[in-house]
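We just call them A, B, C and D in the order they show up, numbering each chain from 1.
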Amino acid sequence: MGDSAAESGFVSTIFVHPVQLRWGECDPAGIIFYPTYFLWFDAAAWNMFAQAGYHAKRMRAENRAMPLVAAGCEFKHPAEQEDRCEVRSRVARWGGKSFVLAHDVVRADGTLLAQGSETRVWGRYASGPGSPLKGESVSAELKALFRAK
Amino acid sequence: MGDSAAESGFVSTIFVHPVQLRWGECDPAGIIFYPTYFLWFDAAAWNMFAQAGYHAKRMRAENRAMPLVAAGCEFKHPAEQEDRCEVRSRVARWGGKSFVLAHDVVRADGTLLAQGSETRVWGRYASGPGSPLKGESVSAELKALFRAK
Amino acid sequence: MGDSAAESGFVSTIFVHPVQLRWGECDPAGIIFYPTYFLWFDAAAWNMFAQAGYHAKRMRAENRAMPLVAAGCEFKHPAEQEDRCEVRSRVARWGGKSFVLAHDVVRADGTLLAQGSETRVWGRYASGPGSPLKGESVSAELKALFRAK
Amino acid sequence: MGDSAAESGFVSTIFVHPVQLRWGECDPAGIIFYPTYFLWFDAAAWNMFAQAGYHAKRMRAENRAMPLVAAGCEFKHPAEQEDRCEVRSRVARWGGKSFVLAHDVVRADGTLLAQGSETRVWGRYASGPGSPLKGESVSAELKALFRAK
């Protein structure tokens, strides 16, 4: 996926979202319950947009949404309670009205725990949640906010 | 709490919401992670209102909300993965613009696992989520929907 | 993925796990918060094994585990609060020491909401959670439990 | 509850656990889904013990557990997505084999959002999760770890 971004000359900023695995996010096997990774990816995605200027309040005021088309993850090594990790996120690809985010979960000692991706639509509600949602073209201005400096 | 309802002559229907404890709702101790009970209480509360005629779609269409003022639970006996339980819910007390729900979690073998309560406001948005929310008086009509037949 | 199973002559039982979307599983857009689908997939996976004879208590007693290697989902249509759905699950492929589960989420009106998969290892702890986990060969007996009759 | 601790001359350290409200922790009303507060309380409780020297690994190695007897919360003001908050936690009371934790959730601007408490047993497994759990007397040494300096 990163290839397409590379081909088009786009190099994304790497956004970092720190997390620490909680007791309640572990299962009876004593390791991370896997949907927790997707909770982290979603939080990391919102963090990317906030850092790029699209804070939650702005997203809401502008009736923006970024619903998912697909998500996936490969689990490399299990996280354990109290593990401090970073979700390192980047835009892996820009589509016409969508984009792909790539998320790496890296433990404090450098171990790669999981690699995931989210495909999202860059959408806008006619008038807020519940009203029709339409995809909007990804503008050059939007892309520029995520470009590595 | 049930006393006040009893004093006023109100006897609530007992609403039943079946649940089964999932792997991911257990913690490394191998038993239920306690916030799960509150997830069940909230689901049971919405189930009560749906059964009483206030389905989610109606609540949304009428701009209704029932935000919480307080919640609590006593944990009697731990649930284990795959345990089938019932959340047995009733209106324990009607206030002027609020109400108290009482929730008992009972395992299939009859063991009482937890007893909780939620105090909620009967509220209405001026024009949907994000707009000002005001408490509304609990009407005789509303109470009648929850009265035991 | 189903192809490999088909090639090998394996046709899986379709296991059905009913769910209903809760208020707390929806996000501020008023639709399902996507990691909820993975919570459902995990619950559906345990349900498959329970129905096939591997109940939670047996899994624990035999020190068995089925940790994930990968998971993914395509989101077709958003679920809304109170929607009744079925997770329809099958074994899409048997590997040497792993297997792939395919999960379809279908709304009561027949609409396909999401299609996901989980790749899991068939594992065993030396002596319970925390001790070393090793993959075990998927036996003919295990496969037979999931074969369509 | 704080009174009893005060009576006995015990003044607890205030432990601080920072959190930020996520998109997925909000409900269709656009505010915090209330069980999230209990997720935060549990995380804050483990953070207290970790800071006091009882890290997750030590708890596990010593077969310790701190199961809940009761939990409750009063909701003062709703948190919104992206709000940065602190969970400020202290030991409100020491019992013979149990203790009460008090948790205040305070937004970055100083607004008190919620006040909760957890009553927990100081327990120990005979030989790890699944084996019998017994409450242990709260020792003077344990209390000293939480005493304000």
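One rule holds in what follows: a residue touches a chain if its C-beta (ideal position, glycine included) is under 8 Å from a C-beta of that chain, and two chains touch if they have at least 3 such contacts.
What you see is a predicted model, and the numbers here were worked out from it, not measured in a lab.
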**Asked** Across the interfaces B-C and A-C, which one involves more C-beta pairs in contact?
**Response** A-C
**Copy pair subunit A, subunit D: interface residue numbering same or different (half cut)** = same
**Request:** Tell me, please, which chain's centre (mean of its C-alpha atoms) is farthest from the centre of subunit C?
**Result:** D
**Distance between the centres, which are taken as Cα means, of subunit B and subunit A, whole angstrom** = 34
**Item:** For subunit B paired with subunit C, centre-to-centre distance based on mean C-alpha positions, whole Å
**Value:** 30
**Fill in**
Between subunit A and subunit C, the Cα-mean centres are separated in Å by 24
**Item:** Where subunit A touches two or more other chains at once, by residue number
**Value:** 23-24, 28-30, 33, 35, 39, 42, 60, 81, 129-130
**Asked** Which subunit D residues qualify as touching subunit A in the complex?
**Response** 22-24, 28, 30, 39, 42-43, 46, 50, 55-57, 60, 80-82, 129
**Request:** Write out the stretch or stretches of subunit A touching subunit C in their complex.
**Result:** 28-31, 33-35, 38-39, 42, 60, 65, 67-75, 78, 129-130
**Prompt:** In their shared complex, at which residues does subunit C touch subunit D?
**Reply:** 23-24, 26-30, 33, 35, 60, 81, 128-130
